[in-house]
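Heads up: the structure comes next, in structure tokens.
Here the chain labels run A, B, C and D in written order, and each chain numbers its own residues starting at 1.
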Amino acid sequence: MRETTILRLKDVSLEDPIMIEGLPGVGHVGKLVAEHMIEELKAEKIMEIYSPHFPPQVLVQGDGTVKQVRNEIYACPGSDGRPDLLILVGDYQSATNEGHYELTGIFLDIAEEFSVRRIYTLGGYGTGQFVYNPQVLGATNSLDLVEEMKGYGVVFHENEPGGGIIGVSGLLVGLGRLRGIDAVCLMGTTSGYLVDPKSAHAVLKVLSTALKIEVDMQALEDRAKEMERIVGKLQEMERAQMPFEGGGEEDLRYIG
Amino acid sequence: MRETTILRLKDVSLEDPIMIEGLPGVGHVGKLVAEHMIEELKAEKIMEIYSPHFPPQVLVQGDGTVKQVRNEIYACPGSDGRPDLLILVGDYQSATNEGHYELTGIFLDIAEEFSVRRIYTLGGYGTGQFVYNPQVLGATNSLDLVEEMKGYGVVFHENEPGGGIIGVSGLLVGLGRLRGIDAVCLMGTTSGYLVDPKSAHAVLKVLSTALKIEVDMQALEDRAKEMERIVGKLQEMERAQMPFEGGGEEDLRYIG
Amino acid sequence: MRETTILRLKDVSLEDPIMIEGLPGVGHVGKLVAEHMIEELKAEKIMEIYSPHFPPQVLVQGDGTVKQVRNEIYACPGSDGRPDLLILVGDYQSATNEGHYELTGIFLDIAEEFSVRRIYTLGGYGTGQFVYNPQVLGATNSLDLVEEMKGYGVVFHENEPGGGIIGVSGLLVGLGRLRGIDAVCLMGTTSGYLVDPKSAHAVLKVLSTALKIEVDMQALEDRAKEMERIVGKLQEMERAQMPFEGGGEEDLRYIG
Amino acid sequence: MRETTILRLKDVSLEDPIMIEGLPGVGHVGKLVAEHMIEELKAEKIMEIYSPHFPPQVLVQGDGTVKQVRNEIYACPGSDGRPDLLILVGDYQSATNEGHYELTGIFLDIAEEFSVRRIYTLGGYGTGQFVYNPQVLGATNSLDLVEEMKGYGVVFHENEPGGGIIGVSGLLVGLGRLRGIDAVCLMGTTSGYLVDPKSAHAVLKVLSTALKIEVDMQALEDRAKEMERIVGKLQEMERAQMPFEGGGEEDLRYIG
């Protein structure tokens, strides 16, 4: 596999859908919100995206089988005024700069294929301190969207985040403009040190209002605890890494 | 050489062979088992694989000639109920993430060319502590294989290895599923600090049972000692690296 | 987006223009001079250049909208003996070695398209100490240009900068020679620790003399202060980076 | 420039020439020998090789003009029994692993174009200690060559260098074998900390014997002193590097 590959699992027909991106990032806020929505709205997986820009890794699942790391797209047809949705989630973002650009291009191709009329990218905004009352910061690719978002309680601070937005959440908004697709990045403030269900709750509340949908938020905290457990394991593994590291590139470079 | 290149040394005809991968990794367990099998079963080299994703390096052999670093595939026709085998070994795994994906794709192309019906990838699972009685952990790409492997004494711990499996051993299983090829990763527990013949012994025992073959294990310990000596030399060289380092990229970047 | 992409905003016809490059670098001297000229001469943006070799990032602007990081080319028709100008500025230089070569090639293609007759690349030359009276060091791609530049007060020290010139400022001069385009690199000495309006002033003075143009220098210091504020924010953000870093590649590599 | 590019300066006709490689490396031994031979034999430059795998850099020369970093090939027709020679020198080796493979492939293409019958690659072998009487270690791509080289005083230690040979000096020998070109790597032992004319002297002596040529060695020490001065300057520059580093990739990543 030398190229990013899309595995199409199901054909669906959607009407002017909204795309929601929740890939891993600060406080896992975006991932938590997007995976919660997939569960609560019973969205259906329609695509798997494999790429040499992801780490060369499989995850071992509870039943002893492995899962090749990937990104996934779920579809959820609307009802009762709720719009059709495409939800983008995954195990990782690209491990290379160029991969971020390539994958974002592929996601925007998919958005165009489905005539997506708006993209929401979700993430956390790390403050380095415990956050009692998470806010939702916004950044958009049009002035109209700034005004609309303010109506949902989204906060805009001048030139904040000062360091810009890195990764797919930023690029979908920035490169989306070049394709004429409206896009908004919603960032829940969070300490950044833990998977943060309170920050996710704040982002989900704004998103529900904007989409005019109802999502039960009860399960959000349990889901955060489970995710924390998995992230903790991954980090523990990393700390325990051995000198002959089973395929990791640095470790193998000079071992014959 | 800008592309990965396969040098075909010999045409062989095999019937539904099993592929065994034993590239360098944790405790050199997989490499030790695979090279031992090649010796004991008198397998014959049929392919050499050269790639710009390997380190830009030659190894100096005992007779003063060099060996360009590479991966190799050996064939071993079956007999007395022993299945035909393809054994993949080598000096290094890829030095880049993308290379792991590309090379795994090439190995799977070869597997398809030979109608390989199952892949065993072999490795070590570093625990960071001395291991008195090595276990063999498993991960597969189908539930049926989990059950079958348990019958051979393979252990499956929920979500373990927690950090997933990195490198070719993982990707052959994960990407193998997308090609419809059954695959199992067998990992012998090991401290991870030394070339570990006891862990290799445990893995080889499981593999022999699964393949219904007999391999003399006497020479395994001597082979481990020789490998330890070579690995030690490579590490010693690394520690002794000079400021003007003979072609290593970091060292040359700013020296005219 | 897998390839560097030029977005052409406006067709302009220029006569044998001079190209001026002022991308970010030491003391932000080049960027400061080039952006100042764009403002003072009311140059008009004619191209935006997007590339997967730039960081995968958007900047958040004062109004809540984002700006995809990019390079830009401005045009300024001449008058009263002032030559036509093409001015190259941007948020970043390439984040990869290969990208520096690719982007320089693209800039030289543009130079050839407009029959550019000379390129000035602008930068700072960090001394590590406070510089009371900035000098302007030069490096060119022909001996004639060395003589001409000395006439404008440019200083040439034997084999200085000793480490050569890294990035687009150097490559435009070095690779420009292979295309037969005259090119000069002007470097204002600066401590290197701060955005340096005094060094920019010295460079602009030389450039104005060489181009026989007049540029008001009053606003240069205010512009430097504003740039210092933004650079400071970016650095502050960097220091405050969280463990789950919102898309940055290192941070995501082993977090599922 | 996205691809490695060969600039051909002159057509020459050579008969079964010998290729000599002396790119920068440990103790600059190979570079010193090769450049000395170019001077003493009055070899003529026939090719310049530019590549995006070299650092994105120009060097500033004594007269104020720049030199785009590159590799170069010189030709020297034989006489009085001295064979025709092709000599490969340069400012840098590749800055990437893949680049080492690509450039070696290009050098071997050139060798085939000229029907090169043997390649000598020259380098230093760092011992980390002051070397009173430098030896010349060898590594070849055929057993016959080992025997021949022993006749010239070349030393072969079992499995030494233990870490193998990294960079173009190794790859020309290793990949040369795959093209059927005889190749030898000659490594002068050296502390590795300084440009080492004594080690270069030892290598040149072996090479002169092997090639049946005479090269005056008087100027070797002066040349080493001049090279030491330049290398020292480059290192000094590196130590003095500023936070806003003029185009270096790391420094610019998060500075807007």
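Throughout what follows, contacts are C-beta pairs under 8 Å (C-beta built on N, C-alpha and C of every residue); 3 or more make two chains touch, one makes a residue touch a chain.
This is a predicted model, so every value here is computed, not measured.
Fitting chain C to chain D on Cα positions gives a rotation angle of 90°, stated in steps of 5. Compared with chain B, the chain whose C-alpha mean position is the greatest distance off is C.
Look at where the CA atoms of chain B average out and do the same for chain D: the two points lie 35 Å apart. Work out the mean CA point of chain A and of chain D, and you get 49 Å between them. Counting partner chains per residue, chain A has residues 55, 59, 69, 95-96, 163-164, 230, 234, 237-238, 254, 256 touching two or more of them. Chain A makes touch with chain B in their complex at residues 1-2, 7, 50, 52-69, 95-96, 230, 233-234, 236-238, 240-249, 252-256. Residues 23-28, 55, 59, 69, 91-98, 100-102, 104-105, 123-128, 138-143, 145-146, 156, 158-171, 173-175, 177-178, 185, 191-193, 195, 230-231, 234-235, 237-238 of chain A touch chain C in their complex.
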